[in-house]
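Each structure below is given as structure tokens.
You will see chain A twice below: alongside chain B first, and alongside chain C after that.
Showing the complex of A and B:
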């Protein structure tokens, strides 16, 4: 052991390639200290530092966009276009959430510094998941992502529904982490490695045995919980309804992006070589269940947050279709189209979904004015607000010329391209169902007389984020090429 | 150990494990699991089967170090205990991480020192936070 030198295992490029994450951790600690030592009047600085940190991290991701895959920390993490795309989605999501949460936090009496700090740490967890090339780093990222979210979900301490949401999310989340960890330990027991690339080689030569099946079921259950896929979705409606709205906006996009990213990397890179297509049948059940149940149950909801929760389950199903379309049984190299469409769909979902939640925040305080009736006649009282909400709803349904249409188009095209025509058909049918409830809300806004109510909570941050989301939703719906190419080049780096 | 090896050295067991997809090296783990189960189960079964059962009120009472119990154990606890408990766990883990580093300090060198400094710095941020938020004050 005398010849041991820790610097053989770590070098400076490791820290360079994880600079976006490290920066966010530093900013998180900094704002915690700012909160303690700044006089109350200058606390605004906390928001500015958070935004600067996120922007700088985004800039580092953007400037250092890789042309090929590179390893960091002895292969525990990889940095490639795929991971950077997810990181971009997560950082943009966190940035928009900071913008939409300013007034909300003041109205509900939430501690500002702790909120932003937990938001940053959770983002770091998501970024680690996106880069994770080892089952253990993925698990570490998952926990770092989830623990702050449990606290954030229960952040309205005096609100019963919020504390219930936090506790429910914590208990079920802890249980699903345990399942995931058990699956990882079984995989390690069968192959002797937790590295995704090494797993590919061991699994390709291994017969599909009962322990391997159990391990895969456990992994699918663990990740399925985070993507809120049926039958692991039961926590979603209650948590989405009870948790603070900005947290839900962040959770719905960030958690989903990070979890499906890590899941897809594991499935495509490690399990892609399996001789049997048993994983595909497992995922098809999940995808069909999510698409059908999410969209059908959303029809009967009368609470906008709850409707968005069920629609989030449905969107999780569409993402799974993209993942299924990317795998070819018995081939180590999958089909890039599925994952490309998945990444692009996430990018579009980011703007449309956070935009929709921004409108919910604009319209009312927590737990108030969330029913469909409260949106009656919005087109007369606030025509612009109704118009942007309509854009987000159209995008979530998947109607041109919005980004949601392009996303769904690519996903179904990829599914048909890999031979899953029935899956694409079910996706199309459920999208039609979703038209009913999204446009139901649109009908309330445009075709009902205004209700006696409406204290609005506009802020500059909300306005900015609404404009950004609406412009992005339409603009990238018309000109999606840049992002599709970016996603495609990232996905192609996965196998190198 | 030799006893366990011979006990489980049947060809059938090997074959069964192989079919289930487990390499044969897990035979030891299986043997250990069975042995642990037996060590736990046999004394319990023995005491159930062999010992006479003559319950009385005194025997059924909760054991309180030989003193007759006073009231129920389900009393209200001060809620501030939980903050202390959380902080204890946090700083306890810190020590658990410091020990292995201290043992291998000479091999890890300057790099290890810096890494541990960073680790402690992050914990000190948490300590300052807890201090300033008055989590350490027992009385308001």
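Showing the complex of A and C:
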């Protein structure tokens, strides 16, 4: 047999470029072992190890921030500023979720190490997706992201709604994965490759044929499900209602970030502006549907978690607007402005949305104290809590001086710059609708007399994450330049 | 000759797949699933990948479906056999939309010319080739797969564990 030298294909730089992911997998395995040997009293150590692992992974991402794109593992993945930005969002999200989940898990009696393991593995999946430069890697990342989330959604096993949420998410998620895989196999059949760069060359010489169109539709369906874009949104309200609140906070940000990042890379790098009118016409339907349906249905909700679910559908629509804005009909490569605004919007959405869910956890146990009435007079009983919730709601609406305003501003500006003025107008209009229901909750907090039966569940972790989210929301709303530049330089590296 | 084998395998694969979902008795469904897996293994042989075909038979048709059968027999699903078999409007809608999808796909692929862009290079599916492929070029997806399987195992343990997560 001829010499088999694995080092021809794998070398140390490959491992360095995947160090953040490898570290998280290692921490997950470590927790698995710790859980066996630790006495029940020392469980706190597992949380501390998780936090340390996430922080260290974040530090590696931050220190190793690349100036240009580099490949690893024979082109299976790439590391560039774009992927690192998404990884940063995912890691920050996971970190905040670990902080807000401690007391919640204890209250619900599910304080187990597996929660943190699955959270870590799901984060790894999201990071694999963000870096994926091969359709196979992207698909495996998607599965690694989703599978732990299905289990996490059903984590409250004695709770019927949670079990139902898990099963519903699993069945529909499996179905959407199958559609995505069908699309990928068609692309492979047409071009003979799954590498995104190689696809670019093959697709450029390929005429638009019905099978290619079908493949594009299937890809949009597969990724659209993860972004909970209309009409693939039907699972969202029930899963958000039933799943444990920290899990919802995690998946509302992480899943969207990873899915839209991988989709944008595929669209921009492989298709490189080819068939941009086809992509745009499909995505416009999804974006308009999500913005309108999400925001209009959210108006009639009386449950805060359900309202946040519909608002998440709406925010998925805004993200799609950013994606559409990266394609100008007729131009060969994508426009960086759209993707930059998309990345920045995700960054802002991270703090505002996880912050809002943290307030929900602060206020009550699963399934209790989630209606608008329970927030009555919060400004009198807990003025600071009401104030930070107000900040998050303002940011989700998109009112200055919060980060949500800057994010929406960039997205709509990019859309207008690419010639999608009507889309930007619809976005503005639906944001106005969202003002109604977000401020409806604000009105309950500030204008209504307080209700008596408030029980609060404060912890140090919750307080820390609320402060971090609130400060970040306001501070980066006033001084967004650093992050915008970071996102911009990352997006520019996509093509090199 | 190859063409004939292909048609035969296709007919068996499709027919057995339909039988899997239309059988009343879950044991029969599982057995038709074996038939389906075997016909897929036949495809792999005709594509020049005997190792993949062998793995398909041993792992899928052998181990996994046998596990299915164990579960089906242990759970004793007799009650669910006698379920209401009327379709209702959701069922009719599903059939209508499903037919529409199949019809569209037939329309798309009917007379679609084979791709000009790339023909998949001839597969040399020997053990050596597969091993080299897995541990050289495709080592990263392979490792992601291993983490995925680990996550799945942990997930199953969490969901099946009686003690953890009782809710109160």
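As a convention for this text, the second predicted complex is superposed on the first by the 485 of 496 C-alpha atoms of A that agree within 3 Å, B and C clash if a C-alpha of one lies under 4 Å from a C-alpha of the other, contacts with A are read in each partner's own complex, and residues count from 1 in each chain.
We take it that a contact is a pair of C-beta atoms (placed from the backbone, for glycine too) under 8 Å apart; a residue touches a chain by one contact, two chains touch by 3 or more.
These numbers were taken from a predicted model, which means no experiment stands behind them.
Visitor: Please work out whether A:36 is in contact with chain B alone, chain C alone, both, or neither, and reply first, second, both or neither.
Guide: First partner only.
Visitor: Check the contacts made with chain A and report whether chain B or chain C touches more of its residues.
Guide: Partner touching more chain A residues in the overlay: C.
Visitor: For A:206 in the superposed arrangement: first (chain B), second (chain C), both or neither?
Guide: Touch partners of A:206: chain B and chain C.
Visitor: Go through the superposed model and pick first if A:74 touches only chain B, second if only chain C, both, or neither.
Guide: second
Visitor: Looking at A:294 after the superposition, I want to know if it touches chain B, chain C, both of them or none. Which is it: first, second, both, neither?
Guide: Once the two structures are laid over each other on A, A:294 reaches no partner at all.
Visitor: Tell me the contact category for A:128 with respect to chain B and chain C: first, second, both or neither.
Guide: second
Visitor: By the touch definition at the top of the document, which applies to A:143: first (chain B), second (chain C), both, or neither?
Guide: After superposing on A, A:143 lies in contact with chain C but is clear of chain B.
Visitor: Considering only the touch criterion stated at the top, classify A:190 as touching first (chain B), second (chain C), both, or neither.
Guide: Both chain B and chain C are touched by A:190.
Visitor: Let me check the overlay on chain A: which residues of chain A are in contact with chain B and also with chain C?
Guide: 1, 4, 6, 10, 32, 189-190, 206-207, 209-211
Visitor: Over in the complex, which chain A residues touch chain B? Could you list them?
Guide: Within the complex, chain A touches chain B at residues 1-2, 4-7, 10, 29, 32-33, 36, 189-190, 206-207, 209-212.
Visitor: Quick check: in the complex, which residue numbers of chain B touch chain A?
Guide: These residues of chain B touch chain A: 19-22, 26, 107-109, 111-112, 122, 125, 128-129, 132-133.
Visitor: Which positions of chain A touch chain C when the two form their complex?
Guide: Listed in rising order, the residues are 1, 4, 6, 8-10, 14, 18, 25, 32, 72-74, 76-77, 108-110, 112, 114, 117-118, 121-122, 124-125, 128, 134, 136-137, 140-141, 143-144, 147-148, 150-151, 154-159, 166, 188-193, 202-203, 205-207, 209-211, 213-214.
Visitor: Considering only the defined contacts, which chain C positions touch chain A in the complex?
Guide: 104-105, 107-109, 112-113, 115-121, 128, 132, 135-141, 144-145, 147-148, 150-152, 154-155, 157-159, 164-168
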